[in-house]
Amino acid sequence: MTELSAHPAIETPSTAPPASYWTLAIRKMLRPWLVKIFAAYIAAVLLISLTVPLLASGKPYAIDIHTGNGWVTRYPLFADLTTRDYLTFIAGAVIIGIVVAWRLTRVVEMMRRRSLRLGIAGVLIGAGILGGSALAILHHNRFDGTDYRALIKSGMAKNAIFAPIPWGYAEMEPLSKNAINELPSWHHWLGTDRSGRDVLARMLWASRVAMGIGFVSQAIALSLGIIVGAMMGYFGGIFDLLGMRLVEMVEAIPTFFLILTFIAIFGRSILMIMVILGVTGWTGYARFLRAEFLRIRQLDYIVAARATGMPLWRIMFRHMLPNGLTPVLVSASFGLAGAVTIESSLSYLGIGVRPPTPSWGGMLNAAGNPATVFHWFEALPPGLALFLIVLAFNIVGEALRDAIDPKSLS
Amino acid sequence: MGNRFTVKDFIFLCIFIVIAVMLGFTLGSFNYLTHQVAGLRSDLQTMQAQQTSELYALKTLQRSGVRTTNHTGINDSSKVASDIRETLPDGSRYVMFPNPPLPPYNPYTKPNFAYGDWLVESLSSEPNRIMPYVPQSESAASIQASVLESLLVRNPLTLKYDPWLARSYTVSKDGLKITFVVRRRARFSNGQPVTAQDVVFSYDTMMNPEVNCAPIRSYYTDIKSCRARSAWTVVFTFKRPYFKALGIAGGLAIIPKSVYGFQHMSEFNKHGKLLVGSGPYVLKRWTAGQAIVLSRNPRYWGPRPIFDRLVYRFITNPQASLQSLLAGQIDADGLEPSQWLKYHNKKSFLAKFTTYKYLSAASGYNFICWNLRKPWFQDRRTRVALAMLVNEPAMIKTFMHGLAVQNTGPFNPVSPQNNPHVKPIPYDPAMAQQLLKKAGWKRDADGLLERGKTQFRFGLTIPSQFPLGKRIAEYIKQQFAMAGIDMQINPLDFTTLLQKINHRHFDAVMLGWSGSIENDPYQIWYSGSYKNDGSNAGDFDDPLADRLILEGRRTLNVRKRMHIWHQLQAEIYRQQPYLFLFTSYSLIAINKRIKNTQPYPVTGISPGDWFVPLALQKYR
Amino acid sequence: MPETPLLSVQNLQISFRGEDALVPAVDGVSFSIYPRQTLAIVGESGCGKSVTAMSILRLIPTPPGKIIAGEIIFNGQDLLKLPEKAMRRVRGGQIAMIFQEPMTSLNPVMTIGDQILEAIFLHQRLPARQAVKLAAESLRQVGIADPERRLGEYPHQISGGMKQRVMIAMALACHPQILIADEPTTALDVTIQAQILELLSTLKTKNNMSVLLITHDLGVVAENADVVAIMYAGRIVEFADVYELYANPLHPYTRGLLACVPRLSQTNQRLTTIPGMVPNARNWPTGCRFEPRCTDCKDEARTQCLSHLPILRQINERHWVATFSAPGYADAKFTLPGLPVRRNKTPATGRMGATD
Amino acid sequence: MLSYIIRRILLMFPTLIGMTFIIFAVIRMAPGLTTAGGSFAPGMLGAHQAQLAQQHFMERRLHLVTRNGKPIPLVVQYVQWINRIIHGDLGTSIKFSEPVTKLVLQRLPVTLVINVISLIIIYLVAVPGGVLAAIYRGRFVDRAFGISSLVLYSLPVIWVGSMAIGFLANPAYLNWFPSAGLHATNTSHMSYFQYVFDYAWHITLPVICLSYGGFAYLAKQVRGSYLENMFMDFTRTAKAKGLPPSAVLLRHVTQNSMLPMITIVGMTVPGLLGGSVIVEKIFSIQGMGRLMYQATYARDLPVIQSMALVSAAITLASYLLVDIAYHAIDPRVNYD
């Protein structure tokens, strides 16, 4: 896909402070419009997955309810959010804050910029941890199964402000033949599934599972892979021999069986699947980093660093890792695509998340399993979303690979 | 460099393609050959088995000087004697049928009746083995039904047991002793006559601990002995009076000693495809992954079988079997509710297929079993309230497209056990709230129901490979949530789920029991069945129910027994130890070329009655 | 009688497609080679000399590179207009080429013998046994001992100098009329360089062929060439008989180059360098391309240098030059540069003293 | 060469032992070992019969892990298992009551044939495609090829499979392909050509689902390695010799591009079994993937262990074969 980035490097304007290697690479990567679109898509899905409790919910933001002592305003949606939801918001806000601060501080002069950025990041993270722990202690989410729509219909409630998509992921329309397998309409933008639930709401909620599993499992896999791969690549010898055997062994474990086993022991949870995908998925990174390290180890500057008597860990982390890591990060982008695919396959086979939590693979299975009747309008959205997110990760990965290619980075 | 596509490149490409095609063909022929070889080998194996058995039979026949005879059709021979059902002076019941009974919907007298043609049906899974008695799947059972026969047969209309391989039977007054007289005409497919020795042998084989048939053996634990009194008479003695005694003894599949009489009975387990009986069909071939073919037993002792062959094809998913049905590759198929909905009133479909929708006694029912030892479910009012929160009629209408019937107890709705006067608990959330309040449940600050320190929060375990169950659970979860009950859904793979049930590690579990014409409620509902991994997993312990169960099992009089079962059902439904869900309709489509297909009211369709008029016959 | 040139290149223009525009690499190069002559093209890296050499065999990778204009006349045919099939007969058969990197120029997964035989079978109809004999013979010719054994070896099993010898053997196996040697010794050790060059000149006489020697090393030129063309920024700036050039360099660039060659006599002196940088092909100056680095540019001539590109003109019988500062340049005319072989071959050693 | 291969094989054994032990330990950790196997359809249980079947299965499974009522230590179990394997006994399936060897021999050809066919198709399409894209690099063909291979590579199999079954093999839409199995139901009376046609008709959709992703991946690699070798110096030499472009491509470039392609074959083979689980599930094919799936659900220890062993052995063997092929093709690698 060289054509995606086969554009001349534009020299950075001399007025701006010199950009770092990564900034350059990312800027170069984002140049083609196609990559821009798909990067934006990933960002959008990420954002949706972070904020979906506010976007799609059957509970209104605010509503006036008639109680024994007159009308009372309630905020069911916020009361219903779990601590984990709030923590996700805080984490998202911190990350977005750091990114924005990073961009805003670009104009600051080089030496001060670094400490400023670190300071801002520290403050934001500290505030996030503080806020998060306070929330974890103070917030108590209320179990709320009230059907607010019925309440409004019966005149017991009024002035409801609903979320943009006023359906929860598990919320069924009152059971009737007309409510299920509904085609897209004004009421349900993507129709309803065979239990009478809003497909769009489920789609959005499912993005949470996909992105969560993708990012967390790859983070685990990446850190494990980096540690083992770096050890193998740097020390070589017996470390390398044993490490490679370990890699081969882990590759031989049937993931599918492992997940079934763990689900049977510990019960179903997203976390479990994340951990298993992480624990079995690190081998690729380890192999990659090992090869990189074996290559880099021969290079002159490492020999030079060793000649100056620099301690080992410093050579590894300051000199070798940053150089070996770049290609690994590229493969992490493909790894994300792979993790999302595996998660959806597991859900398709029926060993994914706990129902009624939606996931794209599970929705596909419900719609397209040959043992049931095929409803294309139910199978299309999750498949398309899955396809697009995998495509996006792959395209961004390709573009990133081209961008960090030393031959093309001028 | 000039990159034009030259003639040489083209030739290269052609060679490439030719090689590829040749490779494909090689692979194809490899596959084809292995396939054919496998088929031949399977034929050979079955043939060998048949031949050895026949050789053996011939030898013994020569020794005993009996001449093998081909049967003559009896349906056309005029009846010499008439059937007898009478009570003897000593109070025992005597039943004698001089000829095997004809099916109630008699095909032989129908217009256009003709022998011949094949009947092709689908099986949803390939059986692992089709040995008699050995643990079997439903698919193996339907094949065995055409090859193996038993002493008695249940009349599908009257539901009474009629003599089949037995010419007559006598049940002693206390019900402990059943005497069968075997028909002298009856022959196994190898020509060997069916004797009392074979019946005893069959019983002994099944009771032999070396033979892997524990599940079936368990039914026969109530039998004290099985003895041959003479060459044609055999007596079963029971330990205690049991209403199912006649069905158990008369339902034993009779296998020929001449074939299965191994020196070491452990050899029995090693075979997979040795299936020889006295039935109208014999196993012709079994092609792995494809089909099992039965062919007409040429020396069948009874009425001549109608079809020349019965073919059972393994088609694993409903969509594929519908495809095959539409393409005419199979003659009859069960439909999914959604398929039924789509096709049952489509003219083009109805022009080719006859459709039936009926409740069969064999269909089971689904339920949610509450673990009554857990704090949430100990109170009857709570359980009733939970049932009131679920709108079952709407669920049946929506999820099952109306093709199911709500259960009002553990018995099949069409079975005589079922008490038609038990009314289903209505969907009434308001009433449910009141009941919950009465039971002491109050809303706490968290929005959950609470009694004392117990919050109403439990897990429902469902089998993960059961999509409908998931939908039902999701619906129920929502309904409970509205009442302030938090139910978590835990899908587990079936094996783990069974383990959890065995160890009683569950709050509530969704499962199904399969049905039969008359169930013995002991295993599921008797309080003693909680221990020892019995099936009373929820620990239902009701003195009245226990009394009724024990009494019912003893009662041999059908009407009295049914009365007891009706009472039992009312009591169980009142107690609501299960949230009873529904029994689905059987939805069948049969190719129009097959005639006489109407189902019996309780037992459903009976392929033994079917025939194809000469003009419509397809296979010869 | 005046000899006809074996190969003449006229007004060759080659461009490469850059990321946004066409970048000229060779811009109006003309020269000719006569039989049994060694023509050396000298220039800094990036001046277009290798591209010129490759274009003769039409080996320029076509999507980025493109021959815009010009003619390459060989034996009376324009090679640029020749159909691909006829061109293939020329390649290897009549004009052969060896490259700068012997290490990578041989296919690592084929034996040496296979690679030589491939060339032989391509251009000669020979029975297999005879072809093998020919291959062995050509290996022996380039001074490889035990050639029969070498034929079965893989390139990684022999040294760099040997590889270049193999390359030469492969090129000469079909007795070409011209051998294009594209910096044949650059990647080799100095001792081996001399051996290879000597081998080349021996073989040249033996096989009666012309050699087009591409190099950046004026020392090599002095030893081996008959005629020299100096290239700078895509153009030939000076073309002369080797004696003439060394005796009377006219172009300031040539003078600069000659000054850069270290001499034993000037031990204590630092090496001279030509100030400035080679201009980027993307934006060549409109006028003389050497103008920014030129020491000859006097004030009055400068305006001309800035606005006009000096073309190559013949200022005497054996000398062509493209600079306004050369004496007699203004009156001289453009002719196709090329010098027939004047006399009997000069022993290479004879000129050693002149350069050292 | 021979000593190298022997050394490689010897090195394989510790890995194989470690691998099998990990697999063994993980499998023995799984709960549900002492309960029944899924011999009954979920959701429908014959009341009493199911209970007894459970006991029966449990006994047979307990027989595997206990002796005289005491649990056998894991290591001893492992050694016993290995010992049995060495004697050629993979055990007897609990769910299918048949020797595992027989089951594997029954299922393996199914999976193998489909996979080999799709591998052939992958190579038949991807190699010329990749080469064409390399030749016409930067032009429309190449761009279209690049985009489409990326798109294909990103298409999830579960979606393509469900859509294919839903639209192309569904009486409600287009009833073009069969939706399950590998054969029509009455093959016994088919002629050879009918049979082959029928087989081809049945495997079309599964093979498409198995191959398109691999095709895209391989094509990209082929394009890359051809492009790299097309600009190598030795290619230029070959052209300077006067070789026609097709010969340059087929002889010089291809030979050098073989190496990465072989590596890819080696990497694909172990993945085939895993990929088969999904495709065999979607298209109801009774192959190894499905056997694994069924065995896992039924906690059929002997089958799971043997399958894991088989797949581990296949993985290692394919690595070994790649290494040997590398040595055979690339003269630069020495066999020390």
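Per-chain residue numbering starts at 1, and chain names A, B, C and D are given in the order in which the chains are listed.
As a convention for this text, a contact is a pair of C-beta atoms (placed from the backbone, for glycine too) under 8 Å apart; a residue touches a chain by one contact, two chains touch by 3 or more.
Note that the coordinates shown come from a computational prediction; the quantities given were computed from them, not determined experimentally.
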Taking each chain's centre as the mean of its CA atoms, the one lying farthest from the centre of chain C is chain B
More C-beta contacts across A-B or across A-D?
A-D
Name the most central chain, where centre means the mean of Cα atoms.
D
So the centre of each chain is just the mean of its C-alpha atoms; given that, what is the distance between chain A and chain C in Å?
59
Rounded to the nearest whole Å, what is the centre-to-centre distance of chain A and chain B, using the mean of the C-alpha atoms as each centre?
48
Distance-wise, how many Å sit between the C-alpha centres of chain A and chain D, to the nearest whole number?
29
When the C-alpha atoms of chain B and chain D are each averaged to a single point, how far apart are the two points in Å?
37
What are the residue numbers in chain C that touch two or more other chains?
59, 61
Touching two or more other chains - residue numbers and ranges from chain B:
1-3, 317, 319-320, 342, 464-465, 493, 496
Can you list the residues of chain D that touch 2 or more other chains?
31-32, 138, 165, 169-170, 172, 179-180, 239, 244, 284, 296-297
Can you check the complex and tell me which residues of chain B touch chain A?
317-320, 336, 338-339, 342, 391, 394-395, 397-399, 401, 445-448, 464-465, 467, 470-471, 473-475, 477-478, 480-486, 488-493, 496
Residue set of chain A touching chain D in the complex reads 1-3, 6, 245-246, 248-258, 260-261, 264-265, 337, 341, 344-345, 348-349, 361, 364-365, 367-370, 373-374, 376, 379, 382-384, 386-387, 390-391, 394-395, 398
Under the touch definition given earlier, write down the residues of chain D that touch chain A in their complex.
14-15, 18-19, 22-23, 26-27, 29-32, 138, 142-143, 146-147, 150-151, 153-159, 161-163, 165-167, 169-170, 172-173, 179-180, 270, 274, 277-278, 281-282, 284, 292-293, 296-297, 304, 307-308, 311-312, 315-316, 319
Residue ranges of chain A touching chain B (in the complex, touch as defined):
140-147, 170-172, 174-177, 179-180, 194-196, 260, 263-264, 267-268, 350-351, 354-356, 365-366, 369-374
Note which residues of chain D are touching chain C in the complex, please.
137-139, 231-234, 236-244, 251-252, 255-256, 329-332
